[in-house]
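Look at the two complexes coming up: chain A is in both, with chain B in one and chain C in the other.
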Partner chain A sequence: MVMLALEGVTKVYQVGAFGRRKLTAVSEVSFDVGEGEVIALIGESGSGKSTIGRMVLRLASPSGGRILFGGKDITGIREHDYRREVQGVFQDPFSSFNPIFRADRVLHMIREGFFPRLNNAQWMSKVEAALESVSLDPAQVLGRYPHQLSGGQMQRMLIARALLLDIRLLVADELISMLDASTRIDVLNLLADLKQRGLGILFITHDLSLGHYLSDRTVILRRGEVVETGPTTEVFAAPSHAYTRLMLESVPRLHQKWESK
Partner chain B sequence: MSAVSLQVDNLRVYYRTTRGDVKALDGVTFEVADREIMGLAGESGCGKSTLAKSLIRYDGRMRHVSGKALLDGLSLPGGRYTKVSLIPQYAMSAMNPTVKIGRLIADLVRAHGWSYRELLPELVRRLELVGLSADVLNNYPIELSGGMKQRAVMVLSTLLNPSLLIADEVTSALDVTNQRAVAETLVQFRDRGFVTSMIVVTHDISLVYQIADTILVMYAGKLAEKAPAEVLVNAPKHPYTRLLISSLPEVGVRHATRKLTGIPGRPPHLLNPPTGCRFRDRCPLAYDRCAEEPPFTEVEPGHFVACWKAMSEGSPGENQEACAAERSGGTPW
Partner chain C sequence: MREQFYFAFRNRKVVGGLSVILGLLVLGLVAPLFADYGPNEYVGPPAAPPSGEFLFGTTTFGQDVFLQFTTGLRSTFLVGVLGGGIAALIGMTIGFVAGYRGGLLDEVLNMLTNVVLVLPALAVLIILHAYLGIKSIPAQALFIGAFSWPWVARAVRAQTLSLRSREFVDLARLSGMGTMRIIRREIAPNMSSYLLLTFILLFGGAVLFAATLDFIGLGPTESVSLGLMMNNAVHWSALHLGLWWWFVPPGLGITAIVGALYVTNVGLDEVFNPRLREM
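The block that comes next holds the complex of A and B.
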């Protein structure tokens, strides 16, 4: 079932002195995300992949086209209701936390807005359940400061925060790019578990191997345009666009060296 | 391997903090041969950047505790402005935005006592070699893309033919296609003799595997394993290297067909590192002996490892089989 659909979405930024020049960051992009489906949005820097993520999260508004969530245009949905179902986690966990406060503050900050009726005990058991669902030990992370947590723990806490809201769609923008190799894979596996529980994920990345590991379908972007889209296994096994082939040839792999040009 | 170019002997460099010394580099011994490209890999906080920096210059927080580093018989840091060249992390973003690239290079060349006019033909030749036209000298850094800036920085830092080039995460901020071009440029510089030997610091083993002759893996301020690139990737001996390599997602591996696992736990804090093997707490093979610190020993020619288990086993076949078994679960590419 289609949950999120982008229909000819375009984003034009005005740049230069007095905004006289126009820069098309995203041009006529259409794709959809189903219930419990992982879509990898792959592109190099400047391809517009993050802009799309921001538009889906309503942090930026499209200049043209429509974004539908559950069949309704997202601009017509109350922001509060939309946030309950769609949340994002971004690349840099270190800048998502205020180092002055305890790390679990990010969890408690949504309590007033979304769960005003819960008492303390109910709230804490909800928080603990969310932390456990991202395989964090509540006793180990609650009350800690950000510098006492690892990057992987911080990213998981942010995912737990999104899960508190019973979301249906998670926008993961370069979620694991800043994590170390040994913890990166744990967060990826966590996303795979969440997907099995029915969460739809828009997985934005520049790393083809990460996209390939997790996604059902792949959308390859270049300079704001979709160059190739299809089931992940097909796109990677038989890329039809020259740009996709070039990218695939450039990915460094273990056990296999680059062919000399 | 030919003559030894760089020799590092039991080097210890600590960071001074108010709570005591952080032992970022704790007794490191290795050699880099002439014309060798050595990849230096490890997770964040393992001391790889500290090692790279301590071959150039100690900053105010760094304290040299013991050991030495010799480059062609010359003690490091020292004579650093011509013999050793470092491309620090984010070097391309550190270019002066207010002057043209040509002037930036001219200033640096003059500071080393050379004439820019004399070097200009060679500079242009090398820029063209990396696919940049001489026009970039008249551009401001903002007018160049990330990959172009990185290549300009690489030409600049090897213009005086250093003996040793240390490239710290030079490809990590780039897109895959640029990443490949920059990595291949490094090899080309070595092949053409612009630099004698090279240390490529990175967290990305699959990238460094493409270009390096040998790979050195660090863990928590210590050396874990050094071996020829092919051996390290296909038949690693240190449990950390093995786990690290098996946790890397590759194109061709999918969650549905083969689930990868990470390494549980996290590296120890280096303010008060545990005694014995520092990987002990996370290591599935740890046993009593690991309470004692394993020496970094040569188990096969050119293959060094700091692990009691790997030393006592000694049979490479066993590891290879384990590795092959691990791999065979994946989809054939």
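The block that comes next holds the complex of A and C.
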């Protein structure tokens, strides 16, 4: 069943003095995300993939086309209700936390907006359950400052934040690009685990292997346009577009040294 | 926070500057309470030099200069707090809103800021005071505040612009926080030290503006202020008659307050920015 659908979504930025020049970041992009499905949105820097993520999260509004959630145009859904079901995690954990406050503030922000009626004990047990579901030890991370946590712990805490709400779709924008290789696989496996539990994930990445690891279907973006889309195994096994083939060839292999062609 | 208090109390500039300011404030608040006559009453021998009875001597008319000085300190602090506060409020509101909302609103507010920025504030204030005949210190502070905010708006806007694009602001939006709450709870705390320093500079600026206006005789004439004392001293040729005790205290008082504010400012800068700390 289709949960999220993008129909001809376009984003044009006005740049320069008084917005005289136009910059098309995303052009006529259409794809959909099914219930509990993981879609990898892959593209190089400047391909518009993050802009798409921001539009799905309603942090930016499309200049053309429609985004449908559960069959309804998202501009017609109350923002508050939408955010109960769609949440995001960003690339840079170090800038996702306000550096002057304790890290668990990101969790408590949710309480004011969405669970004002819970008392302290109920809320804390909810927080602890969410932290445990991302394999964090509440005693170890609660009350700490961001600089006292590792990058992996921060990203897990941000995922826990999203899980406090009963979300159906998680937008993961370069979630693990800034983590080192060993913590990377843990967070990746956490996402796979969430997928098992029926959560749909829009996985935005520039890294082909990460996209391949997790996703059911792949959308390849280039300069704001979709160049190829299909089931991940097919896209990776038999890429039909020249750009996809070029990208696949340019991935460094583990057992292969550089040699000039 | 505790760490900052620790460094603030170990910083000689902060401690020195604050003690001068607090000392003068207490003097201004307490000393006039012990006088049983008003600052403009003719109570002593005319043009008497400082003595045990009249600490700072008397004016040509026999008014108590010490009482005038301490009463004048009150108006100086009042005009500083009010004028600086009003300018801070306007400048920060415009800066935050313009920087955070962006777009057309930013262009309009920016244009307004630039217009007020290029107005020569002192000239405008002189004209306003001359035409409107400002009678009270709060009114004077209001006008001073209304013309000294533009650089604050510009600086706050620039900082807000850079903080707005940080991901924690996006996260706050995803958590359902509104614009004003995000400005208040996410953006402003990140620049709280800067905002405090801004207020101190505005405070000093307002004191100087008020003293200038009073000195050229455009201030509130019904009250007593340090600038007005100097205006009277010049008016009645205190310099030529050798009545130095009439104009030196108010001049030193203004210099001490503004100087101490700036020294405190530099000290606080060191407290908030570890790289500037003297070891």
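Going forward, the second predicted complex is superposed on the first by the 255 of 261 C-alpha atoms of A that agree within 3 Å, B and C clash if a C-alpha of one lies under 4 Å from a C-alpha of the other, contacts with A are read in each partner's own complex, and residues count from 1 in each chain.
Throughout what follows, contacts are C-beta pairs under 8 Å (C-beta built on N, C-alpha and C of every residue); 3 or more make two chains touch, one makes a residue touch a chain.
These numbers come from a predicted model, not from an experiment.
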Let me test your reading of the model: by the given contact rule, A:120 touches which partner, first (chain B), second (chain C), both or neither?
neither
On the A-aligned overlay, A:257 touches which partner chain: chain B = first, chain C = second, or both, or neither?
first
Which partner, once the models are overlaid, touches more of chain A's residues, chain C or chain B?
B
For A:97 in the superposed arrangement: first (chain B), second (chain C), both or neither?
second
Is A:44 in contact with chain B, with chain C, with both, or with neither (first, second, both, neither)?
first
Is A:83 touching anything from chain B or chain C once the two structures are fitted on A? First, second, both or neither.
second
Taking the superposition as given, does A:247 touch the first partner, chain B, the second, chain C, both, or neither?
first
On chain A, which stretch or stretches are contacted by chain B in one complex as well as by chain C in the other?
none
As the complex stands, chain A meets chain B at residues 44-45, 150-151, 180-186, 188-189, 192, 206, 208-210, 212-214, 232-233, 236, 246-258
Provide the residue numbers of chain A that touch chain C in the complex, in ascending order.
18, 54, 57, 59, 79-80, 83, 87-88, 90-92, 95-101, 106, 109-110, 112-114, 158, 161
Help me check something: in the complex, which residues belonging to chain B touch chain A?
43-44, 146, 175-177, 179-180, 183-184, 203-207, 209-210, 233-234, 243-245, 247-255, 259-263, 266, 327, 333
So in the complex, which bits of chain C are touching chain A?
107, 166-168, 170-177, 186, 189-190
